[in-house]
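Given below, in the form of structure tokens, are the structures.
Look at the two complexes coming up: chain A is in both, with chain B in one and chain C in the other.
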Partner chain A sequence: MSNRFLAHLGRAYLGLILFFLYAPILVMAAMSLNASEFYQLPFKFSGEWYDRLWNNREILAAAGRSIWIAVVVTVLATTLGTAASIALYRHDFPGKRILQALLFPPIAIPWLITGTAMLIFFFGIGIGRGTPAVIIGHVALALPYVIVVVSARLASFDRVLEEAARSLGASAWQVTRAVTVPWILPGIIAGGLFAFAVSFDQFVVSYFLSEPGDTTLPVLIYTSIRKGFTPEINAISTIIIAVSMGLMLLAARFTKFGGDR
Partner chain B sequence: MAEVRVERLVKAYGAARALDEVTLDFPDGGFFGLLGPSGSGKTTLLRAIAGFVLPDTGRVFIGGEPVENVPVEHREIGMVFQNYALFPNMTVEENVAFGLHVRKTGAAETAKRVKEALDLVQLGHLAARKTHQLSGGQRQRVAMARAIVTRPRVLLLDEPLSALDKALRVDMQIELKRIQREVGITTIFVTHDQEEALTLSDRIGILKDGKLVRHGPPREVYDDPRNPFTAQFLGDANLIEGKPEPEGLRLSDGTLLPGLKGPTIAVRPESLKLDTTEPAAPFRLRARLQQRIFGGAMGTCIIDWQGRPLKAVGRDADFRGLPDAGDVWLSWPRESTIEFAAKA
Partner chain C sequence: MAGTIAGQDRRKAFMLLSPAYLWLTVAVFLPLSAMAYFSFLSEVPFDGRDWHFTIANYRAFFETGTYATLLWKSLKLGLVVTAVSVVIGFPCAYVLAKVVKGRAREALFLLVILPFWSNSLVRIFSWAIVLRGNGVLDRAVNAVLPWDVKLNLMFSPTAIVIGLVHSYLPYVILTSYLALQAIDDSLIEAARSLGAKRRTILWRLILPLAAPGIIAGAVLIFVPVVGSFMEPRLLGGRLGTYYGTVIEDQFVAVFNWPLGAALSFILLAVVLAILAAASPVLKRAAT
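For the complex of A and B:
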């Protein structure tokens, strides 16, 4: 086989991947703008479903709750995660490696199991269900992401800069604020965006931990689908996808996963 | 400004002693060079004075006060790091102002002192630059300005010129000396470059395996190194060994060097004279010239004596009339012989 043929094959393969990733999303976005309630073609443009969405108090309330929970989670997870990353960077203590290794397995545990475990645990210690439980659960889920991203940025930090700041009379807090944090800021921002996305998109854990009638947007969407599918769901889903993808693109920009430009 | 003293400093890393009972005075306002091969403990000593290394035992005094329990940020030091460690998120001006900001110095006073410091290092015109836009020499100057703007009691320099290329390094040596003189600050610097140490310092200390082996004014240490390590480390030295006899030092080829004690003596390459005919000097050896190296103003002769390589250095004219290779006489004046104190 010629190299040229292989190159074509590779391009076709990549195209296929992108097609299966994005086609469902594009269909959904298109249908949210289609006048027909039953996905009938030909396509006829209509903003009706977005209008209906805008007047749906239940969905708006859930969206508002999802956003403020995600904001609280972002602030908590980013602060705690950044502090943890700096501590892991600066100090050596017994069990540090084990602790670092233990940060990652929860990412691989199915959320269904994590959610069940958290529900049992929160009832056991008396927190029960409700918004505080959702927030604590989301922070726990988001922390490893923040720590990974911030630690990656810290790996390129030159420790001598901290020594230089101390030699100039800066206290530990002044060193952190004026020298360390500015350097890792892109990592902190990216970690925060991840934390927001983890919380905002979270379904399973929210489903287990929230109280009926006081749920987040993904949980509401799920319960709505069970009652009957409406293009309103397409509309809100399209908005969620746009926001989530926007956040990931921003995060990618700050962490430079796509390589340096 | 203050004098610095360390007393019986010990710092061990596992079984290795990075500092082994080091006692040393750094005079007020002096420029002190710490010299030694890598792993000799010179950087550890500097970092112990700064407070980054906590000694196992021993004491550190700055201006007569003990500082072992004072953290780095309260020791009132200025330090220049090997790669300068300029803050990348700040401009030149902000870097220099950092030490004043953390001390909550007023804005007017800060601006005045930053300007003074930048003028002193001749970088006033680059105040607004980001540090990554500077050349190596300019970074070095910013690091100096940042270290002295807080008027520290002592200035510590960790291999300050090693990141610069040769020509720039020589310029910066002169510059460093000028700045230190103008500010009059007690300065301690670490280097592995003996020429740099001799040029800059008014006192030097030589370390080997964590021990201070010799210290004093550069000329004194050079002329009287007192031990073979210092003789070979500071400058170059031909070591010659023999058996002590009542009338002098008997070498392995039978030559007697009258009046010398031994068992080891050293002769600087610039003190060795080469002749084709037997010289009258009392200290002379029969040896074999192996190679003459033309080096511009100065030339080098590689000589084999009893299977040991010796080196002679001189102006090219000094070696005129010598063959390219062959048997020669080596001689040197009595006063150029370096003798070592017997091991205690």
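For the complex of A and C:
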């Protein structure tokens, strides 16, 4: 077999993988525009399900709740995470490696365990279920991602710039505001988009922490699917996928995604 | 640096760090401790109920065998999904890292890992539509094949594996790609010019060098799959009882939180053991 033939074969394989990854999503999107309620083929175009979605109070309320929770989580996680990243970058102190290692449990432990543990603890201390509990949980899940992304950006920051500003008489806060933060801004924006995505797409932790009847969008979708699904769910799911993929494309513009540019 | 400056320094670091770590403590580390405590209770200690310390919840796991069997079932599911993902994903990462060049590579790479950042619940739901009897896949296969086949994968273990592989495949592609990219092309050139066969280069050069990336990806897949409950529920139907779904039941259906806490904690122990065993490799893969 020649090298060129192998290269073609490789590209075809890559195409097959992409087909596997995207085909079901496209089918779902197509079915949200199909007239049949039972996903019957042949395909007949209809915007009915989007119309119905627009009039479905329950779904719209859940979507609104999901969005504002994600906004609050983004602000909190980005602020706390950026502060922590700057401290980890600027200062050396005993126990720093332990603090960095502590970022991994929230990412590495299955959300089922974290979610049920939060449920128990929040009930124990009186927060209980509901939106505040969901926000507290989401921020904790998003924080490590923000710190990792912002720290990666800080790694390319030249400390001499801070020292120069300091020697010219700027206070530590001025240096942070006028020198450090502008430089790492792409990292902060990317971190914020990740935080938004972590919260907006989060199902498991929200599932255990949200109050029935007062849920986030993914939880509502899960309970609706288990009751028997309708094309309305396809419609809202299609919108969700488009939103979260759009967000990530945006984040990719602000961060290196492991590619070599 | 003088002692006072170092002290000031430390105070500033503390002020910047404490909000984030306080949050993690309240939302992750204290809850995990609370769960450990709960797992030794006989009853949920709210509403003035009677409770006492007991190891009955752990005995339920070790003596009845039901839960252990389900944990084993979940571990097997994890192994199958991980193996399939590695076998499918590694060649894909190789093509991306070593065959495709330039801007096309960047775009394709982004396309491959994009679904990973989109809603996993929605992606599982999309498979439910594709796989159901008389659904799209059924139609497509019957359109291609001349004879009539009844293809209803929905509510089968195969459906669960397909859905989970779809969810987690980007992990192993990502980590393998990063490892493969770090391999210098001239190394492969050198081996080739010295007369090494393709197969020799793959087994003696590329795979050993990419191993940390592959293992990191495998661990990242295995751990969440063992704890999965939504995917088996949606795609497995009545056959979809796994260790994760039993834990879910304790919290949302049966309300036996102490038993759920004990089962969660046993799962956490298994997960931590796996992470600890893989940590030397994971550290190497991270650098």
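Quick notes on this structure:
The rule is simple: the second predicted complex is superposed on the first by the 256 of 261 C-alpha atoms of A that agree within 3 Å, B and C clash if a C-alpha of one lies under 4 Å from a C-alpha of the other, contacts with A are read in each partner's own complex, and residues count from 1 in each chain.
In the analysis below, contacts are C-beta pairs under 8 Å (C-beta built on N, C-alpha and C of every residue); 3 or more make two chains touch, one makes a residue touch a chain.
Note that this is a predicted model, so its numbers are computed, not measured.
Once the two complexes are overlaid on the shared chain, A:35 sits clear of chain B and of chain C alike.
Contacts of A:110 after superposition: chain C is touched, whereas chain B is not reached.
Once the two complexes are laid over each other on the shared chain, residue contacts for A:201 go to chain C alone; chain B is not touched.
When the shared chain is aligned, no partner comes close enough to touch A:155: not chain B, not chain C.
When both complexes are overlaid on chain A, the residue A:121 reaches chain C alone and has no touch with chain B. Contacts of A:18 after superposition: chain C is touched, whereas chain B is not reached. Comparing chain C and chain B on the residues of chain A they touch gives the larger count to C.
In the superposition on chain A, contact of A:165 is made with chain B only, not with chain C.
No residue of chain A touches both chain B in one complex and chain C in the other. Within the complex, the chain C residues that touch chain A are 9-10, 12-13, 16-17, 19-21, 23-24, 26-32, 34-35, 38, 46, 88-89, 91-92, 94-96, 99-100, 105-106, 108-115, 117-123, 125-130, 132, 135-136, 139, 166, 169-170, 173-174, 177-178, 181, 223-224, 226-230, 233-234, 244, 247-248, 251-252, 257, 260-261, 264, 267-268, 271, 275.
Looking at the complex, you find that chain A touches chain C at residues 7, 10-11, 13-14, 17-18, 20-25, 27-28, 31, 39, 41, 80-81, 83-84, 86-88, 90-91, 93, 99, 102-103, 105-106, 108-114, 116-124, 136-137, 139-140, 143, 147, 172, 197, 200-201, 203-204, 207-208, 218, 221-222, 225-226, 229, 233-234, 237, 240-241, 244-245, 247-249, 251-252, 257-261. Residues 50, 52, 71-74, 76-79, 81, 83, 85-89, 98-99, 101-103, 146-147, 150, 156 of chain B are the ones that touch chain A when the two sit in their complex.
Remark: chain A residues 158, 160-161, 163-171, 174, 178-179, 182-183 touch chain B in the complex.
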